[in-house]
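Before we start, here is the structure in question, set down as structure tokens.
Labels A, B and C are assigned to the chains in the order they are written; within every chain, residues are numbered from 1.
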Amino acid sequence: MASIHGLKPSRAGIRGSRRRALALHASLITGVLLSAFPFYWAVIMSTHTSSEIFSYPPKLLPGTHFLENVRSLFDAIDFFGSMANSLLVATTVTFLVLLFDSLAAFVFAKFAFPGKRLLFGLLMLIFMVPMQLQAIPQFVIMARLGWIGSMTALIVPAAANAFGIFWMRQYMRSAIHDELLDASRIDGANFLRQYWHVALPVVRPGLAFLAIFTFMGQWNDYAWPLIALTDPGNVTLQVALSQLNGTHGTTDYGMVMTGALLALVPLLIVFAIGARQIIGDLGKGAIK
Amino acid sequence: MRLSRRGLLRAGLAPAAAAALGGLASGCAVPTGSTGRNMVLWYWSGGLSDTVVKNARARYGSTVNLQAIQIGGYYRSKLITTMAGRARIPDIAGLKGEDMASYLPNADQFVDLRTLGADTYKSRYLSWKWDQGIADDGSMIGFPIDCGPVAHLYQYDVFRKAGLPYEPDDVSKELNTWERFFAAGEQLRKRVPGASLLTDVNAVFDNVVNQGSERYVDRDRHFIGDQEHVRHAWDLAVEAERRRLVSDLVNGTPDQLSAVEDGKLPSQLGASWATFDLKNGVPRTKGRWRVADMPVRPANNGGSFLSITRACREPEQAFRLITWMLDANNQAQGYVDAGLFPSTPASYGLRQLRDPDPFFGGQVTTDVFGPAAQRIAVAYNSPFDIALGQPVKDEIKNVGVLGKDPDKAWSDAMSKCRRIAEHLGVSH
Amino acid sequence: MATVPALEKPPVVVAEIPAVQPRKGLRRYWHLYAAISPFYLLFLAFGLIPVGFSFYLSFHRWDGLGSMEWAGLSQYRYLVGDSDFWQSIATTVVIWALATFPMIFLAMVTAVMLNSAVRLKNAYRVAFFLPSVTSVVAVAIVFGSVFSTNFGLVNALLQAVGLDQVAWLNTPWGIKVAIATLMTWQWTGYNAIIFLAGLQTIPGELYEAARIDGAGPVQTFFRVTLPLLRPTLLFVLVVSTVTGLQSFSEPQVLLQNTANESTFSGGPGHSGRTMVLYFFQQTFDNNDFGYGAAVAWGIFLVVVLFSIINWRLLQRRDEA
């Protein structure tokens, strides 16, 4: 991912901008160290036994128990099976959310129609409802539909959300210029063609953000899957990982940490792919 | 925005609420429990011995397909959601001791184990523990798994250096009242600079309350948290603070662990499972610890139950499974595998519990925890205890940590309790 | 109690929506309604009943398993006079403010830096992304150490510059600062990436023009970047408000200590007990589902109030 030659002085640089670039890198590296430190510590913890993790003074260097922790993790849960379920759920939901949210956002950002303010206000209100109390009735609905225990119970309710519509609306308001839409209308493009050929190409960075964070949200989601999935052979990764937390002094934190870290790998891959869409080279990325 | 909200309320909420309730009230359309050979058991990681679960699967494999599922996260909320939703309810469900008070008023959700012949097993279990699984109407919903007898864990060398009794028998005998325990704490502070007897005031308060046979609300739904037994615990906790016997540290933090390791916190009142926390948290103190009786009389902290839900199609079969998994032999195995202290006194004599523990200098800790477990007082646990105990616990913590005036704290706690009692329909 | 046929009612609600609108002319817009419909249909199917149920619940007493008892307005009457709830509102707002404003500032600075044509940007952005996905267990353990009294990094720094130690996790303000720091750490990179996506919509020519006019980087930021970033800023602020006012996992993981203590208590003096933690405590510790529902609706009102304030502050300029 990282290009090693990146630290070489930029060819275009005159002395002043080189100094500025240096200051820029210094600040960014400070930020990176601050960001990555607890992550580094998590890596360290995954290489120690549970009692080493909690002993004082804290361990700052890697230990020797990583493989042992991996082995007990794979013994304790069906890691790859549950990861496949997580991939299925997160990928499907991300795809649906991108489609439904961007369509709705396009309408809210660029079109006028009766009831628009009311409907958008309603959407924002729904966004603000605390979701914690919904488990019991939602469980009843899903049980009636026969979806309890299956991934459908996770995918369908998550297929569109207020957060993504709000985000894409804000993004599209500045990213899609009205002149472009007017021009395409004069060319005789209908709504779907405008959406597909005019809107989508210029909002790729916004979509990439939505994709990353929808995927991440689904990947890490845990409260509802824990209740909706009852068959231990068919759970998502986070539900499987939650089974590792025991009572009192019996939790194997080394193994828990290892599980949490290995669960991050797909997320980092998705992020690396998606982030490339967000940071295009200046001037190339967005609209002209 | 305001308008749309009102619209939302009018348009949707009334029928929606009715529909939701319809769903709840008539769950019979939803298949509950499992059928035929399948027997689903819910518990949590560390709640049962893995070996025993495996052996049970093998032993009963010809008649029952036991599916033992470890539930992650907040166990009780998942169980209640599932039971309220009336779908996919397990046949056998683990119930945590601290949650019993909230299951007992809903005993009709479970099979009364007496109807399956539970009474014949009664004599083999600790009687106070047995009684905790019984609801007000006399039906029995919980079959005892483990218990959590509390004892005095202390560091041998530090006590010796402080001129205190240091052999377990002497500690049990000489520090047998709170006054003597506190006096020892003062001596400790004098002889070992910077040392405190206990981490916080709640260590005194909670344990004194747990020693008694009364909590915060009685059987008649009357608030008794303002009475002598709570006031006594409060006064002792305040006294511990006044005599500067408690540290200003927070349990489980690196500060506290390092103080324990340095011998600055050489004593704690911990349940049997707390020995595992010590072994994990401060492994380098191995060999320095001993166990003695706590002052006055033992208390209980923790322990859980197995229940058979109404959804179970084969209660007799489930009951056979439970009684086997929780017999004296298997409880001894539970102690080895998961630190579950047996509720079957017969286990205390078995080899698995007689092993000298090198972490405790080769002491056989069962010699202390075992007799302690048999001397615990039966207490009535009201479903309102948590709500009405919390303000008192919070305020004693404020005294200890934030230095709040004890009289003000007590009157604040009492006025808050009265308000909550009124709200919950508890008389006071 | 309601009977089974009541379940048939939601479809009626669906049918009502078109009926409210004037009939003619609306056909022109059908494709727009169709395009926004998935969200609303899903809400009708899966969201409305739960929301309605919690509203219904807030007028009852219920322990989660037994039968419900009608309680009228008593839950709400109690809520209004519940000093613990008001304290939790204050706690939440203080933590939210301590976290959100530094976070938005840092995120914007980071985004502008990342948006400059720097090398190594792949590595940087992955690193800034890490905090938002790191396991909460790890974060809790690490921050517990960072803020510990005798051995913590923060107190070591304070002592290095000649200040006194602070018992961070044992004092009302220390707890709030520690929680806010944790949140800032976890979500700055996330928001930086949102801003970055927003920055990408600003045409390069505008920067070119600013440079020709002789504007420095600071001037360019205030005259070009900030005004064009306003929709993104509005989004970040509203989302931070909605999620920040519903925060609970940070205080929960940072302040839970012994197995004995409820993880919803929020530390000494309840200094870190946010509104949602209070909701959990009432619902699950006390088994008081009815009052929990009333608390949830109280939280909703607070969130709506703050969001409207934010919206009004930024919207006017947004439209202008």
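As a working rule, a residue touches a chain if its C-beta (ideal position, glycine included) is under 8 Å from a C-beta of that chain, and two chains touch if they have at least 3 such contacts.
Fair warning: this is a prediction, and the values are worked out from it, not measured in the lab.
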Contact-richer chain pair (by C-beta pairs counted) among A-B and A-C: A-C
Most centrally placed chain, judged by C-alpha centres: C
Chain whose average C-alpha position is farthest from subunit C's own: B
Euclidean distance of C-alpha centroids - subunit B vs subunit C, Å: 34
Centroid spacing, where centroids are CA-atom means, of subunit A and subunit B in whole angstrom: 38
Geometric centre distance via CA averages, subunit C-subunit A, whole Å: 16
Residue numbers of subunit C (touch at least two other chains): 7, 49-51, 53, 64, 145, 151, 259, 304
In subunit A, residues with contacts to at least two other chains: 56-58, 119, 122, 124-125, 136-137, 141, 144, 247-248
Touching two or more other chains - residues of subunit B: 1, 20, 23, 29, 77, 80, 84, 254, 258, 273, 277, 302
Sites on subunit A touched by subunit C in the complex: 1-3, 5-8, 10, 21, 24-25, 27-28, 31-32, 34-39, 41-42, 45, 53, 56-58, 100-101, 103-104, 106-108, 111, 113-115, 119, 122-130, 132-134, 136-138, 141, 144, 156-157, 159-163, 165-167, 170-171, 173-175, 191-192, 195, 205-206, 208-209, 212-213, 216, 220, 247-248, 253, 256-257, 260-261, 263-264, 267-268, 271-272, 275-276, 278-283, 285-288
Subunit B - residues contacting subunit A, complex: 1, 3-5, 7-8, 20, 23-24, 27, 29-30, 44-47, 67, 69-73, 77-78, 80-82, 84-88, 254, 257-258, 261, 273-284, 302, 338-339
Footprint of subunit B on subunit C - complex, ascending: 1-10, 12-13, 16, 44, 48-53, 55-56, 61, 63-66, 74, 78, 81, 84, 144-145, 148-152, 167, 169-172, 257-262, 265, 268-270, 284-288, 291, 304, 308
Subunit B partner contacts - residues on subunit A that touch it in the complex: 50-52, 54-58, 118-119, 121-122, 124-125, 135-137, 139-141, 143-144, 148-149, 222-223, 226-227, 230, 232, 239-251
Residues of subunit B that touch subunit C when the two form their complex: 1, 9, 11-23, 25-26, 29, 74, 76-77, 80, 83-84, 102-103, 105-106, 109, 206, 248-255, 258, 273, 277, 301-302, 383, 386-387, 390, 394, 397-398, 401-402, 416, 419, 423-425
